[in-house]
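Here's the structure we're looking at; comments come further down.
Chain naming follows the written order as A, B and C, and within any one chain the residues start at number 1.
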Amino acid sequence: MRSDRSQKSPLGLKIAAGLGLVFLHAPILLIFVYAFTTEEKSYQWPPPGLTTQWFAVTWNRPDVWEALSLSVRVAAISTAIAIVLGTLCAAAVSRSKFFGRETISLLVILPIALPGIITGIALRSAFALTEIPFSFWTIILGHATFCVVVVYNNAVARFRRTSGSMIEASMDLGADGFQTFRHVVLPNIATALLAGGMLAFALSFDEVIVTTFTAGQQQTLPIWMLEELIRPRQRPVTNVVAMVVVLVTLLPILLAYYLTRDGDQIAGSGK
Amino acid sequence: MSTANSYRVAPAILPAAGGIRGVLSDAFWRKPKLLLILMLLPPVLWLGVVYIGSLFALLLQSFFSIDEFSGLINREFTLKTYGDLLQAANLDIILRTVTMAAAVTLASIAVAFPIAYYAARYARGRWKALFYLAVMLPLWSSYLVKVYAWKLILAKEGILTWVLAKLNLLWLLDAWLSLPIVGGNSLSVSFTGTFIVFVYVWLPFMILPMQAALERVPGNLVEASSDLGASPRQTFWNVLLPLALPGIVAGSIFTFSLTLGDYIIPQIIGTSRLFIGQAVYSQQGTAGNIPLAAAFAVVPIVIMGLYLWMAKRMGAFDAI
Amino acid sequence: MTSAVSFQKVSRHFGKVKAVDAVDLDVAPGEFFAMLGPSGSGKTTCLRLIAGFEQPTAGSISIFGERAEGVPPYRRNVNTVFQDYALFPHLNILDNVAYGLMVKGIGKAERHKAAEEALALVRLPGFGGRRPSQLSGGQRQRVALARALVNQPKVLLLDEPLGALDLKLRENMQEELKALQKALGITFIFVTHDQGEALSMADRVAVFNDGKIMQVGTPQDIYERPSTRFVADFVGSSNVLPPDFVQRYSGQHRWGSLRPEAIRVGKATRGDGVSARLVSANYLGATTRLALDADGLRLHAVVPAGTKLPEEGEALVLTFNRDQLHLMDEAG
């Protein structure tokens, strides 16, 4: 809402908005305290004491490392696929008006518009019908599918801002299609792609619902955490992992924000 | 320019560059449709085959049935599984989930409105960016960690009990927990707990479209309303709310859909009574009844289809 | 001599819209040629046909005698100054200007040297290190010009080149462009909707309307001897006279035009002429423009500032030299 007069906001509104933000952030901050608690058996508050020993314990846990490594590999490959597919799709949709354009947009958005469990059970059904065994690649298949939209949203927003006459100017100056892509299109969308890629990585790294249906016996980090949440075995290790996960996802999101802050917004409808 | 003469004799039309690149470049220029098709092919193939194909597989599975004796899936077309879906226990699950989704959506609207309104109308410059980040960061930070944080908060020995004890308000908590349906042994095993976590986790999805809708409302409309003698309450109900409605509907699509499909939150913080997501999960997992799981999964699709259709009629898609 | 650009019955139709309809056109080498017309008249589409961004649906285009249909823009030795300048935001000014040479594979040192020279030519020496966003509108326009000229095109196309500039800057640029074109000897073709700009800069002007060329000629031709009512009206807001009126003075039953400055305004008492009444007077600085009503026919006259003006509604007599009454091609 635009208001050109600088007004004081009503106190009630200020308090309600402030409380809302506290509600959004306090739980996440709480994780940071629990990572240092000396209490092992319960979720006792306030912590009876503070220690850093659980970081060392977590560091030496091979299951955590394996889960982390799987998550990173899955996220990296899914992101790479999503960048290619999302960019192609965004380029095609913003290049020209063609029949079925709306359908394409819908097709891209559908995997996140429908609840994750539907994507999950749908993939599971398809694997069952086609008798594809669960593997690293079945996880990727699912993750890349819902990551496309994040890259797509970022790329479409950037293409919309990139003036069409720039491409004509490049061709006019003697650059063929490939040179124009390399020297004009790519540099102009690069930060949007990087931002989209960051978000896709964060999305994949964190995904649990679809993954439970496509992973079989393998454990990504979120699945490892889910197991711990359902059947807690070593709570302090979970606390430390939770804190690390918050930090690991925080960085790409902040970076994505700074890459796209002038103008297009990060696709908020991203999960 | 010094090199002018060397160019003056240059031809007006340059010869076609040889090689694959030259030929391809000219071909793409002559037939832009060809390039368009080539660009669309990989994403459409991927999404069409992997995703739409899977959705069809899901739909197909829901028309299969399970052999009750052998536990094997009988791949013959039948409506028997949908018949099973209509059993009272299953209808209970659906009703419970839809009620929860509706309650979560309404609560999200109430909590999100002040934040969205403040960010849209009063926040400027640096503060605006900060507000935006303050909503984006929780949106993108780990879903499981957020759920876990609430497990810590709502636990009997956790921070909420501690705060209420300090404030001498424990009797209030106990009174609430002794209520039927919403109560329970502790907050972390009650519908109240499930509800709070749902609201928390989906809140950013409500704030962002709501803020986007409010940004488009000219600020002087609100002033005009109060100039015309409307009380703040009247201004809210007659001016602000209708104008924010497309954003609210857009946000509610997310909160509603995400609640319908979630199976992790009620599993970790909640009672033993199932939600649709849990039913899908347990039917395909422990029960091995993929057809019934598939039929269950069709329910949110149908509900969301109806919801989207209604939202579209209200013009909500402009605000996403 | 071969034309720099030649159109033979060129049409460009977009579905049912005839943006350009069977246009014949010849632009001589070294000429400063203007395409003038209201928006949607087809002038910009013609420019895009020459640049290669559009393909004709019928007819043929040749550039210096070579057929251009089906040739992509990047293989035409023709460069364009875009209306929005279309500078590359990710490159600095020097690399923007050197872009055309870079894609041709010319080495860094050489292309940067040529770009510096081109920047000096448009009077922006030393601006190479800046970003497009750091320049003013007029400066960007010069960069766009340098970026095109550095390639030594056979034909330079300018799409409303001065449209985004303010009046003072526009007048300066008009003179500069004209001088630049003279010095370089490159064929300039520019599109404008501003008749003053077209008349003051171009060697010849083509007036467009509805996808067709109404008239091609020198600025004097166009201004003094418009061939159709549209041209007379669009270029310099001439008085368009109906056939019945024209017949009284020329004996021919044809449409005619009369420049406002050709009309002399006198008191009703003396001599014969067209009797009229003053409707309103518009002070324009150097001149005053009078709106007159001659028995239902609306006429405009221009008198020098300082002339004693008649009263509104006063009866007047208008006189003009018969040889200044121009007969147009259109019969009545």
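We adopt the following convention: a residue touches a chain if its C-beta (ideal position, glycine included) is under 8 Å from a C-beta of that chain, and two chains touch if they have at least 3 such contacts.
Quick caveat, the model's predicted, so the values are computed rather than measured.
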{"item": "Most heavily contacting chain pair (counted by C-beta pairs in contact)", "value": "A-B"}
{"item": "Greatest separation from chain B - chain, by CA centre", "value": "C"}
{"item": "Mean-CA-position distance for chain B and chain A (Å)", "value": "14"}
{"item": "Gap in Å, rounded to a whole number, between the CA centres of chain C and chain B", "value": "56"}
{"item": "Whole-Å gap separating chain A and chain C, where each centre is the average of the chain's CA atoms", "value": "54"}
{"item": "Residues of chain A whose C-beta touches two or more other chains", "value": "171, 174, 176"}
{"item": "Contacts with two or more other chains, residues of chain B listed in rising order", "value": "14, 17, 25-26, 29"}
{"item": "Residues of chain C engaged with two or more neighbouring chains", "value": "72, 74-75, 78, 151"}
{"item": "Contact footprint of chain C on chain A as seen in their complex", "value": "163, 165-166, 168-176, 179, 183-184, 187-188"}
{"item": "Interface residues, chain B side, partner chain A - complex", "value": "14, 17, 21-22, 24-26, 28-29, 32, 35-36, 39-40, 42-44, 46-48, 50-55, 57-58, 60-61, 111-112, 114-115, 117-122, 124, 129, 132-153, 155, 157-159, 161-162, 200, 203-205, 208-209, 214-220, 222-223, 253-254, 257-258, 260-264, 267-268, 277, 280-281, 284, 290, 293-294, 297, 300-301, 304, 308, 320"}
{"item": "Touching residues on chain B, where the partner in the complex is chain C", "value": "1-4, 7-8, 10-17, 25-26, 29-30"}
{"item": "Touch list for chain A against partner chain B, complex", "value": "1-7, 9, 13-14, 16-17, 20-21, 23-25, 27-28, 30-31, 34, 42-46, 81, 84-86, 88-89, 91-92, 95-96, 98, 104, 107-108, 110-111, 113-119, 121-126, 128-130, 141, 144-145, 148, 171, 174, 176-178, 199, 202-203, 206, 208-209, 212-213, 222, 225-226, 229-230, 238, 242, 245-246, 249-250, 253-254, 257, 261, 265-266, 268-271"}
{"item": "Parts of chain C lying in touch with chain B, wherever the complex brings them together", "value": "63-68, 70-72, 74-78, 114, 117-118, 121, 149-152, 154-155, 184"}
